[in-house]
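The letters A, B, C and D name the chains in turn, as written, and every chain counts its residues from 1.
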Amino acid sequence: MSNSIGERIRLTIFGESHGSVIGGILDGIPAGVELPLEYIQEKLNLRKAKGSISTSRQEEDVPTFLSGIHQGYTEGNAIAFILKNKNVQSKDYELHKPRPSHADYAAYEKYFGYMNLAGGAIFSGRLTAAFVVGGAICQKLLEDKGVYIGSHIKRLYRFQDRSFENYEKDIQKLSRLNFPVLDSSISKTMQEYLLKIKEEKDSIGGILETAVVGLPVGLGDPIFDSLESNLSKILFSIPAIKGVSFGLGFDFAQYKGSEVNDVLFYEKGKVKTKTNHNGGINGGLSNGMPLVFHTVVKPTSSIGLVQETIDLQTQTNTTVEIQGRHDPAIIHRVRPVVDAVTAFVLLDAYLKREQECLWQNSV
Amino acid sequence: MSNSIGERIRLTIFGESHGSVIGGILDGIPAGVELPLEYIQEKLNLRKAKGSISTSRQEEDVPTFLSGIHQGYTEGNAIAFILKNKNVQSKDYELHKPRPSHADYAAYEKYFGYMNLAGGAIFSGRLTAAFVVGGAICQKLLEDKGVYIGSHIKRLYRFQDRSFENYEKDIQKLSRLNFPVLDSSISKTMQEYLLKIKEEKDSIGGILETAVVGLPVGLGDPIFDSLESNLSKILFSIPAIKGVSFGLGFDFAQYKGSEVNDVLFYEKGKVKTKTNHNGGINGGLSNGMPLVFHTVVKPTSSIGLVQETIDLQTQTNTTVEIQGRHDPAIIHRVRPVVDAVTAFVLLDAYLKREQECLWQNSV
Amino acid sequence: MSNSIGERIRLTIFGESHGSVIGGILDGIPAGVELPLEYIQEKLNLRKAKGSISTSRQEEDVPTFLSGIHQGYTEGNAIAFILKNKNVQSKDYELHKPRPSHADYAAYEKYFGYMNLAGGAIFSGRLTAAFVVGGAICQKLLEDKGVYIGSHIKRLYRFQDRSFENYEKDIQKLSRLNFPVLDSSISKTMQEYLLKIKEEKDSIGGILETAVVGLPVGLGDPIFDSLESNLSKILFSIPAIKGVSFGLGFDFAQYKGSEVNDVLFYEKGKVKTKTNHNGGINGGLSNGMPLVFHTVVKPTSSIGLVQETIDLQTQTNTTVEIQGRHDPAIIHRVRPVVDAVTAFVLLDAYLKREQECLWQNSV
Amino acid sequence: MSNSIGERIRLTIFGESHGSVIGGILDGIPAGVELPLEYIQEKLNLRKAKGSISTSRQEEDVPTFLSGIHQGYTEGNAIAFILKNKNVQSKDYELHKPRPSHADYAAYEKYFGYMNLAGGAIFSGRLTAAFVVGGAICQKLLEDKGVYIGSHIKRLYRFQDRSFENYEKDIQKLSRLNFPVLDSSISKTMQEYLLKIKEEKDSIGGILETAVVGLPVGLGDPIFDSLESNLSKILFSIPAIKGVSFGLGFDFAQYKGSEVNDVLFYEKGKVKTKTNHNGGINGGLSNGMPLVFHTVVKPTSSIGLVQETIDLQTQTNTTVEIQGRHDPAIIHRVRPVVDAVTAFVLLDAYLKREQECLWQNSV
């Protein structure tokens, strides 16, 4: 069903943007894992609206755990948690005027007008806070095994960040940045431009580049559980993401096979590839090289400018001026969500892989 | 598990490239649907290697149905089918030398050397023949409901086709083309270039653009079953696909929200959007506009040129000259597979949507 | 995963006996269904501990809905709800002394001692309150379609109730009874005996007989989704249930085929069977006759008598005197849970069946 | 979907009784397991109709493996196999006269007359041959880990076998018996009675008792994946099974809690229970004692006597004399099927448990 995902571990999301709480359930995490709540909080804080470049809606976002954690350790059963929605201003919305490029119109039709779409209901980015809680737990387990994940804003509108150079160091650097850009000079330019866009009541989007280091070979499964399949499914569950590509991605179309095949070689007894055009995945399986992918985040659909739209009550054309609180860009707030869901998918695959090895060792 | 996908309808794939048969099971198709086997065969034929621009491996690819079809109609239970693998030449492969950019090395590690990787085993594109059989059945049901799907080679290496202009007509045109290019002059150029690449023992890739017309509003589900999520998951199950994007896709990064928001308006009582930058999907739901997405197909990994690689037996660096039969490009053969899996996902969502409407009508 | 069940509709349960709340998520309920909260409350009240024949642990059990219900109607998305755990007395338990016939010892081993097993944690009957909320919603939808469910205590220890005579009337009668026994004279005897057992600090069990009327023909699916399969799976999820049988059940062993085959005949154009030894199910499908099954509820494991057990800390044999609040029997409180999960499974199958008919009608 | 089951391992069944082949897919079996095909064949042979006490329909039942096995070892991917249906005599059936207590009538309605119900189609016991292949593979893996499964005919009509005495020895004994009865004197009586029943053109049923030894503590999961839930779901997928109970089962209703609680004690440092009334399961988890359950197999529905029924073409009451080949009892042929599905469920739980331990050991 649409509120659950995963196989070895399973994340279930519940609630709505303007209800009293949202929450999640993460099932399949082994017992006895030390789980510092500060680690989870840190990831949640990265997602929070902050400073002048974000919406003024502020949520405290401190999760309450209902089960699965006891005295700082996982208990082995499902970890259930809730997050309060404190700052709800439903009056801001004119619900009969669907906002352009939002779910409003399609949801109105889908639910025959029965759904209270205030705040975007179940389609709101608010729910991604629960993705982050679930994913952060997974990220912690992966880090315990030496797997590290990081994302940066490769592009914001027409501004470009540099690419990853030293994956390990760059990922470490990103973990300390609220605004995740590797080149600090361009970071400042980007943030200044965001203020300008906010003044214009407009919005911009961009491209995130994500890298993962430390993955063993053989994560993922043939056919429908390729790493690319499972990563893209959950990445496209994040509102505003409209494209996902691995390695060279759409640039593969510009090259000949001889130019982009990643040839294998032994280096000190370890198998590597000379290039990493495939982004660390062959045949849907991790190949031991860094996992690299891109996601595009479209410009925030909610803008303050007057826009044309329809009135569902009068069935006439009209205009709408969205009064709610909005972000000039959400890409920096999407970043911890991308990291979180990536961790979720990789831990699921990691647990499968661990079991394959286990039986092998016991044969 | 990795060999099954779907919720209302479920497609399960089995077999290996170099076993005696491959097959599939499509569960969830209603009883009493007229199912002309020629329709399925026609789609399978589009996937076949043909003429000088493809591999010389030829499969007859006539499915045998084991259950679910009786006297030309669906019976209502699972439709199981097998396809014979006739043309197996395992001797062509040097299995201890993993082919660059193939699953070979990762699969060797994953399965601890126990898997017979001849012909790519379960990682072979051969299995997509079963995708096509299952998907073609779905495509037939959708066409009975007025939903049509078509894909063309938007780009092959450095050659560009024109975009969709009249969706309905273009989709109809594509259904008659073995080499699916809308601009017939560029089609010829592309095919000639493919012969040249074949002579060079090299390969190229490209970008498919897919469009779907006739979809009702409200297909798809919130959070993890967005149309984008479910389409991308299965699209990335097709070997060689490394990127999927919807509407403007990665180009969203170049625009402001005010430039790319799709504003709504009534036209003769029907809701439309003036532009379709979101590719017919908002909030993961179909919005009534044509569904449009792009997939990138990387250059065929198997090329005839000598390539560097490793020898898993001697654990040394070496070279490999792949002797099997290969395609200079597979994008035209991937086309019916993309259409098929698209049909599968959309029928799954369509059946869900139908039920939502049903209960509504009975309230 | 172990906290979710169902296909068309999906019930997910979360929380623990002694956490702050438990809850559930019911996904797949269509939009626009009128849902009187009193109906749900009424079912929950049947499960409550009441009067002198039950535990003194009292929960208010008024659910808070987090999503999916708006102004008395379903919205069409997942219905999430929580129930507060108010009356938690963890100090009653000596956690290092596993209670005989409880999950305590096995859970201790399974979770390596990391789980806080106070109150039975995730193994507690407390969670069945969430089953009832989810199931009551399903039961309401079924009643709107003319399907009615009722269960009575066919046997309590050595006391027998009469069998169903007029299914419709008996089911209606049961809906009004807190202590569900059809023969009111035996009902009184049973309740008196329960007081006696309570005084003895002992417990007893019994057999529930459940009947469902109004089901259309053809609910259920071949092989793994037989009605019997899906009903038994969820029935065995209710703590204390140790046996499930359909129709004649274990008595089938005493007869010849010619004695127990249910022969078919037309009565006023409608197909019926002369007997109903198969309990309304053939080949896993509903056949239009009343669905009838039995479940056995074992004597409450928690008794006030001193019992032998082990001490996990000292690894020695010892005794335990359970101090918590316990029921001399739970069979009457299990009744609404059995009704609820039955409604859940049948609505799931009903929705599938509806869609089969829908497509058929549109062909 | 109804043709697939399992979580860590997944069994998918396809085909129909009177199609050219049936088959199955078992996904999730680790790589590198030695798999003697004779072991599987031996289990299949137990299911075969044999001698005068069974139907004269004879199938060779030698599986062809399509993937997943190479040179006697599992490859690590899905194991797909087919079994030929050689001995099809569709002309024996008058399809418009539904056979009493068969799926015929319900299936006719469910599939709107589109299903070819010859031989019972997808409802036939024929498909359980594929259960046995899949389950035998699981049984082999469990035996490699010291887990053994055995079932005997506890009761056939009015004849009783003795209960298990020494589980290990009795299970070993049963593995050598075609007609699985522990008391050899009663075995002869039973088989003689079966010949008599066959002459009478009638049928009888019985009760199987199954035991499993060697299970570790902690298999199974809370709530919906209790061992009882998952075992019963698949057991009720076997045609003719109408009841499943664990430990004392329905006899629990006759006792007080103090009489049937299984008290714990240490014996030479190992935790045991003095009695095993709960059949080795507490709270849905294995507790280290032998797993014990009963299943009732109803008398074969197909009998040679003239029976009343309806004519679906003329919509009148009529009689039917079933001409096909039938068994006076199928309980001895159901035995390997029960063992197989038990092995499937237990291996699934075993693999989950193994992973729980694995992470624990690495913490």
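What we mean here is this: a residue touches a chain if its C-beta (ideal position, glycine included) is under 8 Å from a C-beta of that chain, and two chains touch if they have at least 3 such contacts.
Keep in mind it's a predicted model, so treat the numbers as computed, not measured.
Where touching is counted per the definition, the chains common to subunit C and subunit D are A, B. Residue-number overlap of contact pairs with A-D passes half for only one option from B-C, C-D or A-B: B-C.
Taking each chain's centre as the mean of its CA atoms, C is the chain most distant from subunit B. Set side by side, A-C and B-C show the greater C-beta contact count at A-C. Averaged Cα coordinates give subunit A a centre that lies 26 Å from the centre of subunit B. Subunit A and subunit C, compared by their mean Cα positions, are separated by 39 Å.
Centre to centre, using the average C-alpha position, subunit B and subunit C are separated by 45 Å. Shared contact sites, meaning residues of subunit B that touch two or more other chains, fall at 1-4, 7, 31-32, 76-77, 110, 112, 122, 222, 356, 360. Against subunit B, the residues of subunit D that register as touching in their complex are 1-4, 10, 12, 14-16, 19-23, 25, 27-28, 31-32, 64, 66-67, 70-71, 73-78, 80, 82, 110-112, 114-116, 121-122.
For subunit D in complex with subunit C, the touching residues are 1-5, 7, 13, 98, 100-107, 109-110, 112, 120, 122-123, 127, 155-158, 197, 202-207, 217-218, 221-226, 228-230, 232-237, 239, 241-250, 252-266, 269, 271, 273-274, 277-279, 282-288, 294, 296-301, 303, 305, 307-310, 315-317, 353, 356, 360.
Those residues of subunit A that touch subunit D in the complex are listed here as 7-8, 30-34, 76-77, 222, 351, 354-356, 358-360, 363.
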